[in-house]
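Two complexes, one shared chain (subunit A), two partners (subunit B, subunit C).
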Partner chain A sequence: MTEKRHIFSILVDNKPGVLSGIVGLFSGRGYNIESLCVAETNEPDVSRITMVSIGDKPVIEQIKKQLYKLINVIKVNDLTETEYVQRELVLIKVTAKQDQRAEILRIVDIFRGKIVDVGFEHYTIEVTGPVEKLAAILKMLKPMGIKDVARTGNIALPRNQ
Partner chain B sequence: MTEKRHIFSILVDNKPGVLSGIVGLFSGRGYNIESLCVAETNEPDVSRITMVSIGDKPVIEQIKKQLYKLINVIKVNDLTETEYVQRELVLIKVTAKQDQRAEILRIVDIFRGKIVDVGFEHYTIEVTGPVEKLAAILKMLKPMGIKDVARTGNIALPRNQ
Partner chain C sequence: MELTGAQILMKVLQEEGVDTIFGYPGGAVIDLYDELSRTTDINHILVRHEQGAVHAADGYARASGKTGVCLVTSGPGATNTVTGIASAYSDSIPIVVITGQVPSKLIGNDAFQEVDIVGITRPCTKHNYLVKDVKDLAYIIKEAFYIASSGRPGPVLIDIPKDLTVAKAKYEVPDKIELKSYNPTYKPNVKQLQKVVELIEKAKKPVIFAGGGIILSKASDQLTKLAKKMSIPVAGSLMGLGGFPGTDLLWLGMLGMHGTYRANMAVSEADLLIAVGVRFDDRVTGKLDEFAANATIVQIDIDPTSIHKNIPVSVPVVGDAKISLGILNELLEKQDFTDIDRQRKPWLDKIDHWKKSTPLAYDQSDIIKPQFVVEQLYSVTNGEAIITTEVGQNQMWAAQYYHLSKPNHWITSGGLGVMGFGLPAAIGAQVACPDKTVVDIAGDGSIQMNIQELATAVQYGLPVKIVILNNRFLGMVRQWQELFYDKRYSCTKMEHAPDFIKLAEAYGAVGFRTEKPSEVRDVLKKGLSIHRTVIMEFIVDREESVYPMVPAGAPITQMLLV
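Right, the complex of A and B next:
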């Protein structure tokens, strides 16, 4: 059976131990977490966990069922079942020697990124986009020498609801 | 003692159970997690966890010590001890009635956001920035009617290293 990338958007009570329960469920059963974000929503007592996991259909169904069994899980949404907007943010610190700077700026411009910090020998770049776009800019910058990368992992919202 | 917001950047082995160990450590000891991101780095066998936690100095020192005791934790960096660039990404789905659209577009423009989805009655907006900027745009859009918010939580990289 084919394994697919699923984006779960999980609304949970903003209480200590809730994240631990969910992450523990995944690791205890050997489910894979590709990325995970947790942050507050507009309601102070509700947090949203966005988790990307890869699995075939039975595994994904199992994950959903198990999540709903947890207390403090309010809603589980498998966004890959619907139309959705997905974005991720990445900060890239890239070596920027004198003769590389023009090319780096061109790449940043093409990917609609921003330079958010500059040193004598580096630029720090901010880019957002779907996973494929971030992979593409990282590939283009690699020959310059990537010093450091921090990524958020995916967040997503359903379209047209 | 004053409680301060700390951003931890934690490099870990990309193995099942590592995230679970860290999150479990926090919840088991009652340390507060304000936001958390985990995603791959440029090295496939290393992941970076960026975690925001609030605490006074002894608590933060304790957290650092405990983190280093965990197997698979490669490096713990408390970025708030140095100069750093911090960013967060938020997707905001806002009600966009005919007579509100011009004002929403003005707000998005001022905050250098992007409209990434549009429906008959809503816009979905992407904005990045430090926490204060995101709080400000959310405050400005609130009167329009915020339908949904997904945020990544903070990521950060040190400056000038």
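Right, the complex of A and C next:
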């Protein structure tokens, strides 16, 4: 069966140990976690976990049911089944010698990124967007020499609810 | 009025109707034990090892249908409970385990007897809590009981830091627990059940496969009614034994690796399989692609994760077994099935033929056969005893030859298969049912894993009976070595064992032993007639094996027979 990438948006009670329960579920049952993002929602006692996982249909169905089985999980949304917006933020530290600077700035501009830190030999760039866009800018910057990358992981919300 | 944490705990336990706690004291719970000494209507059974406390609570829960309760100290007391908790989790048994924890301000500092028991047990509890504020204590305990016993039951652990047992709070508990994130589905979708009715109408070779869910939801009557009305034969999982009368003509016996020939054949040939309260364990299905390959599969379960997990299902029904079968019976009530017996005859004849051609069997000899002991026990107790088991061959022979007829009379560590389960579980069952005969069917290996609980049984005057089928082998492992490893009996010979009679006596119990088939019945009669803790040891044929046997991973039609 074909494996697909799924984005789960999971609402949980904002209590200690809840995240550990979810991560433990994934490691214990051998499910994939590609990225994971957690923060409070507008209700302080509820957190949203956005989790990207890969699996075939039966595995994804089990993931959903197993998540629901955890007592502190309130709602599980498989966003891949709906229309949704997704964003990720990346910080890229790229080698920026004098003769590369103009080209880097042009690329950053095209991707509507920002330079957030400058050194004699580097720029640190901030870019947000869906995964494909981040992949594209990383590809463009690669020849310049990427020193380090930090990504937030995906967050997402359905378009209409 | 303000109460201490310890008082709050006792008060909620009383409100939950708890009459017995199985436990073991220590520093972190000393204030709880102090309060317990003033709580007259809760008995405490002092076990000899915390693992025993959890298995006893498990046995108590299964025999009584109530939630079992354990109380242990922090650190080693808590870690000793893990095997028992994992077993109860596998078998969906409602227990509440209360562990002491080091004082709040020491948590995380590697304090004396500190372990993160909430972290350790997260994957093997239905839910667990570390209490952070004495104000939350009452609510959490109440919630724990609700979660343990509702939906698909399971163990819940509450870790209480020592300082909270003496801290004070106002006693406030809600009448009813409502959780926005936990709402088990009891009522099934009737449309799905309507489909089941149609499938039953059309089926020529239907089989019901009944599991532990039947026992847990107290659905035996509904199951029996359904099977009888529609003349549908019933196979059981190991956990489902006793859910349907084991003497009924429609009973097929256990399904799976050591299932009966007729159960395995019937399920493989069935055109409709109605699975209720089962999770299609690999010991049941054998090779997945060939399991019930000719059948439309209906699965009724309260836990959605059990459905479609191992086996694709055509008609999933999420709901409580008792309610679902009740509705199914009502729907069937409206149909006319006067012709059903004639319609079923060819199928039931075929099953009867399998039963007669290939029954459960063993060869008699002048050495005691373990199966013979179980058969005799069945006869001497009129099939009415509560049977607990250890794990291995003893467990399978008990399942095959003690034809259980009532629910809550079969207490075995099914999912986890814990050696050392049977004796403490028997203690728990005997506490729950003081007037019943409770027998632990044991192997010489397993019984030594929690033998210390003999002292508990004797201390509380619990007349549990222990039948040891002594083959001086770790028999089930030896059987695999015989069949699949060219008889290389690596580390399965138990050449040295204690003298079980002297051992019984040393503990203040009674012991009997025999090597002669002719004495088996008398020893059983004598042992069972004594109102004390009794060990009956039978020196059995060393290399007897459990048959039928489906090699692991093979289709269940490929049975090795005697």
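Throughout what follows, the second predicted complex is superposed on the first by the 161 of 161 C-alpha atoms of A that agree within 3 Å, B and C clash if a C-alpha of one lies under 4 Å from a C-alpha of the other, contacts with A are read in each partner's own complex, and residues count from 1 in each chain.
Keep this in mind: contacts are C-beta pairs under 8 Å (C-beta built on N, C-alpha and C of every residue); 3 or more make two chains touch, one makes a residue touch a chain.
All values reported here derive from a predicted model rather than from experimental measurement.
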item	value
Which of subunit B and subunit C A:N72 touches, first, second, both or neither	second
Touched partner set for A:R48, first subunit B, second subunit C, both or neither	first
Which superposed partner A:Q62 touches (first subunit B, second subunit C, both, neither)	second
First (subunit B), second (subunit C), both or neither touched by A:G24	both
Of subunit C and subunit B, partner touching more subunit A residues	B
Partner chain in contact with A:P143 - subunit B first, subunit C second, else both or neither	neither
Which superposed partner A:P130 touches (first subunit B, second subunit C, both, neither)	neither
First, second, both or neither for A:P16, with subunit B first and subunit C second	both
Residues of subunit A at both interfaces, subunit B in one complex, subunit C in the other	16-17, 20, 24, 28
Sites on subunit A touched by subunit C in the complex	12-13, 16-17, 20-21, 24-25, 28, 58, 61-62, 65-66, 68-69, 71-74
Touching residues (chain side subunit C, partner subunit A) in the complex	118-119, 122-123, 126-127, 130, 132, 147, 179-182, 303-305, 308-309
In the complex with subunit A, residue positions of subunit B that touch it	9, 16-17, 19-20, 23-24, 26-28, 30, 32-42, 48, 50, 85, 87-91, 93, 116-117, 119, 124, 126, 128, 138, 146, 148-153, 155-157, 159-160
